[in-house]
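Next come two complexes built around chain A: one with chain B, the other with chain C.
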Partner chain A sequence: MPPPPPSVWAFLTTPTWEHIGIWVAALLTLAVYSFLYADSPVFRVAEHLFVGISAAYGAVIVFHQALKVLVIWPLVALVREGLLALHLHAYALPKPAENVIVDFRLYLLPLPIILGLLIFGRFFRGYEWLSRWPIAFVVGFGAGSVIPVTVQASILEQGKGTIDPFLPQAGEVVAAPDQLGNWLLAAAVLTTLSYFYFSAPHRGWLGRSSRVGVWCLMIAFGASFGNTVMARVALLIGRMQFLLHDWLPLWIPGMGPPGN
Partner chain B sequence: MWERLLHIDRRFIYLLVFAVVTVPLVAGWKSPPGYTNPWTQSLYDYIDALPEGSPVLVAFDFDPSVKPELQPMAVAITRHVMRKDLRLIAMTFMPAGVLLSQSVLDQVAQEEGKEYGVDYVNLGWRPGIQAVLLGMGENLKRVYVSDVKGNPTSTLPVLRGVHDYRQIKLIVDITGTGLTGAWIAFAHQRFHAPVGAGVTSVVAMDLYPYLRTQQLVGLINGIAGAAEYEKLLDEPDQAMLAMPGVTAVHLLMVLLVLIGNIAYFASRRRRAAPQHEPPEPPTGEEV
Partner chain C sequence: MRMRVPLLLGFLTGMFVLVQFFIPHKRMAEALQMLINWGMIVGTFALVLGLGSLLRTHLDKIRRRRPAYVYSFITLLSFVVMLVLGLFWGIGAKTPFNWLFNWVQVPLDSTVFSLLAFFMASAAYRSFRARSVEATILLIAAVIVIIGRVPISGEYTHGHWPQFTEWLMIYPAVGAKRGIIFGVALGVIATSLRIILGIERSHLGGD
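On to the complex of A and B.
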């Protein structure tokens, strides 16, 4: 049995950090929803707070989970390795740096660091061009790694998936509803593709086919819109659950999540 | 009357939606879905059939903006994995997902009596989606040298024997973004790892084609899918609590669309109908 929520007086006299957090979150939620009535400074404050806090939170995570782990500690380990190689006095590694794997990859570490620093060239007049190098590297790596697997996963496999049902294995029996579904799917794919074929005027059979394709697209958009409505309602319900089950019990005794 | 309905203040609709959502929540109604989507069932069955101790990677690729929709399914999947005594490896590609994943893991691990580092681990966030996905195909412990708490991954019992995708028996991506496509393209297509997904309803439509081709082993679609999963687990929780509100709002929307259309056509007919005698047609004598 969870402990009963504190009364308003108890909250005012001995507030806990958890309760303060709930109050701040609840007031900000109400501030954001105030936009439904009209735009106001209250909404603007909540909006700017959201953007600012998100950026700050992201920066902290990037520092702790990326910069420290991928740059700072490996660099500390690399410098120590260098000192050892030169038979100079080397310092003891701090505990997090002990996790760093020392092999030939560690010696390549300066390359990505320098490449990363080049992006700051944008801030120096006359040296803006330096930032193009890391961008070119990222774009090149992204395109090179993504294009082959995407073509395989989203074009070839999907094409195969559309054709495969019409080539059943020996002895395989396809149920009539599935067969109908396969034909409908193949027809929808072809007619929709015909809508996006612009090398010939959409007249005659191509015109009729593309019109059916438009209908297929509309059905897909309708289903997508229905799903979007469900998603947005779920978000509203999530906030309402928070307000009704977490915040309200703090100031209305007896209110609480069902089952309490 | 129809004209007035067409020009009703939109805030009146908001009030209606507010009322329809609030009543089931205050009453505490929980409704198990009457129908289970075969793709939800398929993901549940896949996890259920894994042998004890199998490593399962769960990617908590979501942030607070979609938390109400995805957290219930994240809790349900984590609960299922832990209950089946599988080894859970958590990670995220969203910086804001680090604390969300940790809160889900802490909550369920406490319920199920699981120990951090032995039964589950949170690898946290790393930048560079493609680099991480490709790197995990070669050596997971090189990409994640340490976990979110700074422990070296090479010493964690939960990761013993886990070198790359080949040892991971299932990857479940929980996301409100297009990241599932990246998991399919890299982890499944390139390294043949089985991938399942739990996504927001907005994203689900894009993923149905991958189910047909078995590039995805199963899919949980939004809050309704999460409620289905809770039903399969026989553990009614947040998603089932949300379902009466979702149903009620959908019914309200259908009703409003119907009323809106009837009002539109009725008012158009009214405008089209002659209000008074039409003027005599010109005879041409004036010219």
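On to the complex of A and C.
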């Protein structure tokens, strides 16, 4: 037997953080949905709250999971090493900094910190160009790492995936719908590519092929659209379930869908 | 100095990351990991820059008493509260930070995105017209997938409808997407090479 739903009286007399959370979440959900009627101050409050909370969430996560691990604790260990090297009194390492490996890479740590600080150069008149250095580093890194990954994942693997179904293993039986699908898939790849081939006029066989390519693209776009719509509808259903299953029984005892 | 150093930095970083992929050695992997960490550190400062920009925009709005500036107080207040709670009380399971995440951010996030269901439906109703062969194919594919993705689809439609939807998604749709992926991949490789070689400089701004 599921426990009876907590009543509004129980909420008022002994509110738990979870009860308060459900109320807050429900009111914010309704505030956002109020936009469907009209743009109102209630919606604006929820919208601005969302921006502030999300921005701070990102900052806090980066602080705990990147800044502390990659900068703060290694710096604490590095400064301690420096004090020890100078035969000065050094502090005891905090527990998280004990795992920091002291080697040449640690001595290079000031480099990325300085590089990162240069990004603020754009706030100083005459030194804006300094902010190009960290951007060049990050973009150069991204450009270099993306080439082999793209060749591997987006060209070789995709090509393999298109050809492989035509080379079945010994004894492997491919069902008729899948066989038809494999042929259609290969045809869709080739005709779509022909649509994006601009080195020759789209006339004759290339014109016909690119036209079929457009149809294939329309199927893909339509399917993507349908999928996206249904993903949003799933979120909507989730919010409705929250309101009906979690929030409504909290203030109207006995309310909510059967079995709640 | 103003343009050559960043170009050289981009070239050296890009070439190192590219070349190390072909040299499977422990030292190379370590150096790559160090560069990844450096990238994360630089990215952290970029995040601070972005947050600073957000705060500056809202503070400026309040200072100049721009229209609807009152709401900027809410953004600033919620930002500061969440930041202080997260920095000083941690991000564990039973922290105030986590409570705000579970009961404010997550519901707002999913509700805002679920709003798109209404907007997409209304936009589709207004603009989805089968005026040409291409538009008709798009419309039919979208309708098939929408009906096929409903959990009770098989009960109220032909029993094979969900399977046909799946077939449509994994064969013709994937075929066309693969064609796009090939094109995008070639574009990505060309642009990356242009960046590494210093031909593409738009990310560095003007002189």
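As a convention for this text, the second predicted complex is superposed on the first by the 231 of 260 C-alpha atoms of A that agree within 3 Å, B and C clash if a C-alpha of one lies under 4 Å from a C-alpha of the other, contacts with A are read in each partner's own complex, and residues count from 1 in each chain.
In this text, contacts are C-beta pairs under 8 Å (C-beta built on N, C-alpha and C of every residue); 3 or more make two chains touch, one makes a residue touch a chain.
Source: prediction; values computed, not measured.
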Touched partner set for A:L236, first chain B, second chain C, both or neither: both
Which superposed partner A:F141 touches (first chain B, second chain C, both, neither): both
Partner, of chain C and chain B, that touches more residues belonging to chain A: C
Contacts of A:V71 with chain B and chain C, given as first, second, both or neither: second
Partner chain in contact with A:A188 - chain B first, chain C second, else both or neither: second
Which of chain B and chain C A:L244 touches, first, second, both or neither: first
First, second, both or neither for A:Y37, with chain B first and chain C second: first
First (chain B), second (chain C), both or neither touched by A:K160: first
Which of chain B and chain C A:V45 touches, first, second, both or neither: second
Partner chain in contact with A:G222 - chain B first, chain C second, else both or neither: second
Touching both chain B and chain C, residues of chain A: 36, 54, 57-58, 61-62, 66, 70, 141-142, 145-146, 150, 154, 158, 161, 220, 223-224, 227-230, 233, 235-236, 238-239
Interfacial residue positions of chain B with respect to chain A in the complex: 11, 14, 17-18, 21-22, 25-28, 30, 66-69, 71, 95-96, 98, 124-127, 130-131, 134, 142, 145-146, 148, 150, 152, 181, 184-186, 188-190, 200-202, 204-205, 209-210, 212-213, 215, 221-224, 238, 241-242, 245-246, 249-250, 253
List of chain C residues in touch with chain A within their complex: 2-3, 5-7, 9-18, 21-22, 30, 34-35, 37-49, 51, 54, 68, 71-72, 74-83, 86-87, 90-91, 97, 99-118, 120-121, 124, 133-135, 137-146, 148-150, 167-186, 188-189, 191-193, 195-196, 203-205
Parts of chain A lying in touch with chain C, wherever the complex brings them together: 17, 20-22, 24-26, 28-29, 32-33, 35-36, 44-64, 66-67, 70-71, 105, 108, 111-113, 115-117, 119-120, 122, 129, 132-148, 150-151, 154-155, 158, 161-162, 177, 180-182, 184-193, 195-196, 213-230, 232-233, 235-236, 238-239, 242
Chain A to chain B touching residues, read off their complex: 36-37, 54, 57-58, 61-62, 65-66, 69-70, 95-96, 98-101, 141-142, 145-146, 149-150, 152-154, 157-158, 160-161, 220, 223-224, 227-231, 233-241, 244-245, 257-259
